[in-house]
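Since the structure comes first, as structure tokens, the remarks are kept for the end.
A, B, C and D are the chain letters, set down in written order, and residue numbers restart from 1 in every chain.
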Amino acid sequence: MRKLMYSLSELWEDPKFKYSSIVLGLLIFISILSYFSPYDPYKWYLLPTNQPPSLRHILGTDGKGQDIFWVLSFSLRNSLMLAVVAAVVSRVIALLVGILSGYLGGAVDRLLMALTDTFIVMPVFPLLLLLSSLIKNYLTPPVLGLIVGVFSWSGDARVVRSMVLSLREREFMITSKFSGMTVKEVIVGDLIPYLLPIISGGFIGSMMGAIGFEVVLSILGFVRVETPTLGSMFHWMINFQAMLLGYWWWVLTPIVTAILLFTALYTLSLSVNEYLDPRTRVQRIVVVK
Amino acid sequence: MKFIKSYLIPRIIQYLYMVVIGITLIFLIPRLSPVDPVEQILNTRLRIQSTTPEAILKIREVMEELYGLKGSLWEQYINMWKRLLKGDFGPSIVYYPAPVIVLIRNSLPWTIGLLTLTTLISWFMGLVLGTFLGYSKKSSLSRIWTAVFMAINPVPYYIFALTLLLLFCYVIPIFPLGGGFSVGQRVALTWSFIKDVIKHGTLPALSLIILGLSGWSLGTKILVQNLSEEDYVVYAQMMGLSDQKILYSYVLRNAMLPQITGLGLSLGGIFGGAMMTEILFTYPGIGTLAYNAVRANDYNVMIAISFFSIIAVATALLILDLLYPLIDPRIRYR
Amino acid sequence: MREIVTVENLKAYYFIRFMGNQTTVRAVNGVDFKVCEGEIYGIAGESGCGKSTLLKVLFGYTKPPLRLVDGSVIYDFDSQKLNITAVNHQLLRRVRWKYISYVPQGSMNVLNPVRKVRKIFMDVLAEHTDMSKEEAFYEVEKYFEALGLPLRVLDSFPHQLSGGMRQRVTIALATILKPKVILADEPTTALDVVVQRGVIQLLKDIHDEQKCTLIIVTHDMGVHAHLSSRICVMYAGKIVEEAPSNKMFKDPLHPYTKLLINSLPSLGDRRRREGIPGAPPSLSNLPPGCPFHPRCPSARSVCMEREPALVTVERDRRVACWMVEG
Amino acid sequence: MKIVVRNLVKIFKVGSIFSLKKLTAVDNVSFDILPGEIFSLVGESGCGKTTTAKILLGLEEPTAGEIFYDETPLEDFIRDKKEFLKKVQLIQQNPFSTFNPFRKIEDYLFKTVLRFGIADSREKAEKIIDEKLSIVGMSFGEVRDRYPNEFSGGQLQRISIARALLTNPSFLVADEPVSMVDASLRISIVNLFKDLGERFGISVLYITHDLSTTYYVADRIAVMFRGNIVEMGNTQEVLDNPLHPYTVLLKVSVPIPNPETSWDERVDLSTLEREEYFTKGCKFAGRCPHVKEICKQLQPPDIECGGRTVKCWLYK
């Protein structure tokens, strides 16, 4: 815990990290506010439609008679939840497959890698489209996250495997063995520190992928657009032709939010990856002391 | 001879294996989903017109025949393969009775034309620009470009494309709103048609190239930066070789290896990537076809597109694997 | 004999910054020496004493985080004098390889993995001579034959060669233009004994043949004994002793040199030897006074307070120690 | 502990499944290591010495041959993994990669003591660790809460030795333990090995390419070349008066730190190092100065010659 705090304080020195964590913090804060929302996001025409921003409705209202700020709050909550589910699922599978494959080798390795290769050649996008259109009514944000996660682990599983393969040849693995360490201790203590950059970078990457994918599906109308998500905001905004009618507050809200969210995630991954690079991290251990 | 035995054959086996597994998955996924596509279509049809139960049964049978859903799972599977190998994907539901293969044949040139060209252009420009950015990372020009690309890179494609549309079709209307060519133009290899196609293709191409360029440039930049610290590049500098020589024969030559893999994969993946562009710009390619197919539950079209998609990626991987020994001597002489 | 290299008060530090923490590594911390034409001058010392950095500075290769802080390195070629620490990039590129060349440490990765050996040689010839492609092609073959290296190596890629062959190729690469001064950084480290002997033999042959000056850095005192005519011993970024090699081995003056030579086991002698206690100091955190005093068995109070200067004790010997008076 | 190795063979398959080539890394090797003895395997890189060690440590499966630890076959001994690792420990070549830079040193030390049941509490473990560290001239205070790269190579190698001693092993494998250590620190580490046999009765397999330290520390020596032991016997006898032409070449190639010993004769370097594995006769025939016709045809047998074994037709 103390170490984590220390790392955070070190990372804070990086302007990239500062920017991204402030923006993400703000967006997460807004999404938490949804629990205190005065409105039901599924009810339409509770308010006068298409009102520009005012003190009562700080981001105005949309053509469905909903307060845009509170819709945004629900949308962020759902989109972030979906993103985290997708990221966790894909990381867990990638790590599991990669480590098992690289560490055990032999037949297990061949079997798992055959599976991985298949997922690499799979046309993920059309397939997901097909799948989501088939089960549209079951597609709550976490389910969609789960599906995206299941289809987006293969590339990183290969990277993890090749890293584990090269780590397995390192002398310190033999030392661990002769120090009586268990397989679990070896994985946690010897492998994970080297895999951290790929885990964290991949986590943020698949979050971005999942949010983006949901937006695409929503714009195309392949998910239940009644559920408030970042994508459904785009969907209704386009459907009600807010752009042509000049309701700029309705148009800009999802666009600005999406750009903020994506740039923040992107800079966060850049900054964290730089920080976790094993080469500099090893040197830092001494300098810090 | 030894090359064929130890290199070619294992890779071809792997290729066939990937194709078979991929297509099997495509076969299984809709069948494992809790929704019956025939049921869904029947429901929508029945809402419109009332039919007798016998007629429904009749329609159902015809539909199952068209979808290849007759018989046990195993029979369906074997039948699918039989048809695939003949190049028969059945008729389309939406454009009944047009065969799927014809629909694909009509859409394919548009997608391949737009996507292949833009992918190649952005890859090549990205390689050149990225090399410059990575090798002269301290110059102010390089810094500005890097900043610009870093700003563009995380912007989601649809937002970027929407912005372009807004800008060049509404605010400064210099490009047509969408389509592959003007309504009323005769499809023929005439000068005016080609000009029309180019005019329509510019905006979607631009959207793809700019985003692609920023991605490839940043990727190449990081590669080149890392390569510049390699012992052999440092030593080439010590030898007093000119910067051009070092960049071309020492840095770029090595940076090419991973970037060619990237190019191959993204060329293989153009079917998947085409969708958003084509829908936003109402471009008459595979993406639009797939979009309409999914919306109308046009199952045979989806299967066909996925099939070509798998073949494309797997073939791209195979070609890369076969090309690799030519580019990288370390693999050739293993 | 004419002095071809003159190094004066050379200081080169690494300035390293991590997340706001700044450290200064004093790798070369006030070094001066002279090398005569035709000499084989050896620089000895343990890892982290600054010897490899010194060689890089001699080659004019200072890139951040390494920075030249003070001093000069003057080369005196027939026609001109040249301070390599103060010449521009263009001139530096013309001087390198033609007049001064460099054999790097560990030849493992210094050859471009996707380029044939012959091509790499031809790159050098194309850059520094006005030979045509064909001339260059045959020039490389001629040189390989002269050094007794197999010609088939030329059409191989670097990864196809064994470690020993790669090291010999690298030496050939550094000497093909017959430079006046060759700087070699640990040219025999990580090689097997027999191969190591072959490499030493090759360096000696080139030296005898081309009448060049050789400055060789290695931690292996055995290699110095067989190759170097004069040796300086570095400790913590400074020269602590300099002498002709036979005198150095027979009668070392500085306590560090003494302990170092006496701690080397040798064939035919099983008598117990003792190592030097402690460990070399960190170059970013040097002890006050003589940097060797924490490990020195004969340290006095003066050693802990003031640093001894490198003084000439005999015509051809210099020592930096309070115990040895000039 | 007495270790007996008989007719050990290790064949590696190189290339892919379609173009297999067999490389005999260890070719019919037999030797004994006596209790409390330092036995040295000497040779150049790729001679099979490290592979032999890996087989002895159970890290690699032998293709053929038998190994006995105090009469128990290796296969049986290794079945109880904990007991095996307690009795057999190793010291690796590169101290900087022996320890994971992200793991604290004490982590390794405590795990070793606690896992092998040497102590049952951290307090007792700390005492034992301090005790073993003092053998190598260090203390627990120096190690507490620190990471590997806060130490010099020499210190790390001492810690590595102390860690290996924690389980009170009877057999220690040291793979090039001083080749990456600075010259001024090297001898003090070699001295530790010298004491191990005498003070604790531990048998040591000392693997190296450096004849000088071997001469200094080892009781008996086996010289390996391309998978074969070409000469084996008492260290002093073998190195003072080598019989096999390869041992002679090795000996004259050692750069002795004395400028007065000069190298007059030139050495020939093999340009076909890989091919030497596949020759059917004596593997040294290609560069042996005394080569005869029979050497190229037939591999020489092990010949007893004045208390040592030589694999050379010259002594038939």
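General remarks:
The definition used in the following text is that contacts are C-beta pairs under 8 Å (C-beta built on N, C-alpha and C of every residue); 3 or more make two chains touch, one makes a residue touch a chain.
What you see is a predicted model, and the numbers here were worked out from it, not measured in a lab.
For this structure, the chains sharing the highest number of C-beta contacts are C-D. Innermost chain of the displayed assembly, by C-alpha centre distance to the whole-protein C-alpha centre, is A.
Inter-chain spacing, taken between the CA centroids of subunit A and subunit D, is 50 Å. Subunit B has its Cα centroid 23 Å from the Cα centroid of subunit A. If you average the CA atoms of subunit C and of subunit D, the two centres end up 31 Å from each other.
Not a single residue in subunit D touches at least two other chains. Not a single residue in subunit B touches at least two other chains. In subunit A, the positions touching at least two other chains are 283.
Interface of subunit C with subunit B (complex): residues 59, 61, 92-94, 96-97, 102, 104, 106, 108-115, 119, 123-124, 127-128, 157, 159-160, 173. Here subunit B touches subunit C in the complex through residues 230-232, 235-236, 238-242, 245, 249-250, 253-254, 257, 327-330, 333, going by the rule given at the top. If you check the complex, the residues on subunit D that touch subunit C are 44-45, 152-155, 182-191, 194, 209-213, 215-216, 236, 239-240, 249-263, 266-267, 269, 271, 273-274. Touching subunit A in their complex are the following residues of subunit D: 59, 82, 85, 89-90, 92-94, 97-103, 107-108, 111-112, 115-116, 147, 149-150, 160, 163-164. Those residues of subunit A that touch subunit B in the shared complex are 114, 117-118, 120-127, 129-131, 133-135, 138, 208, 212, 215-216, 219-222, 234, 243, 255, 258-259, 262-263, 265-267.
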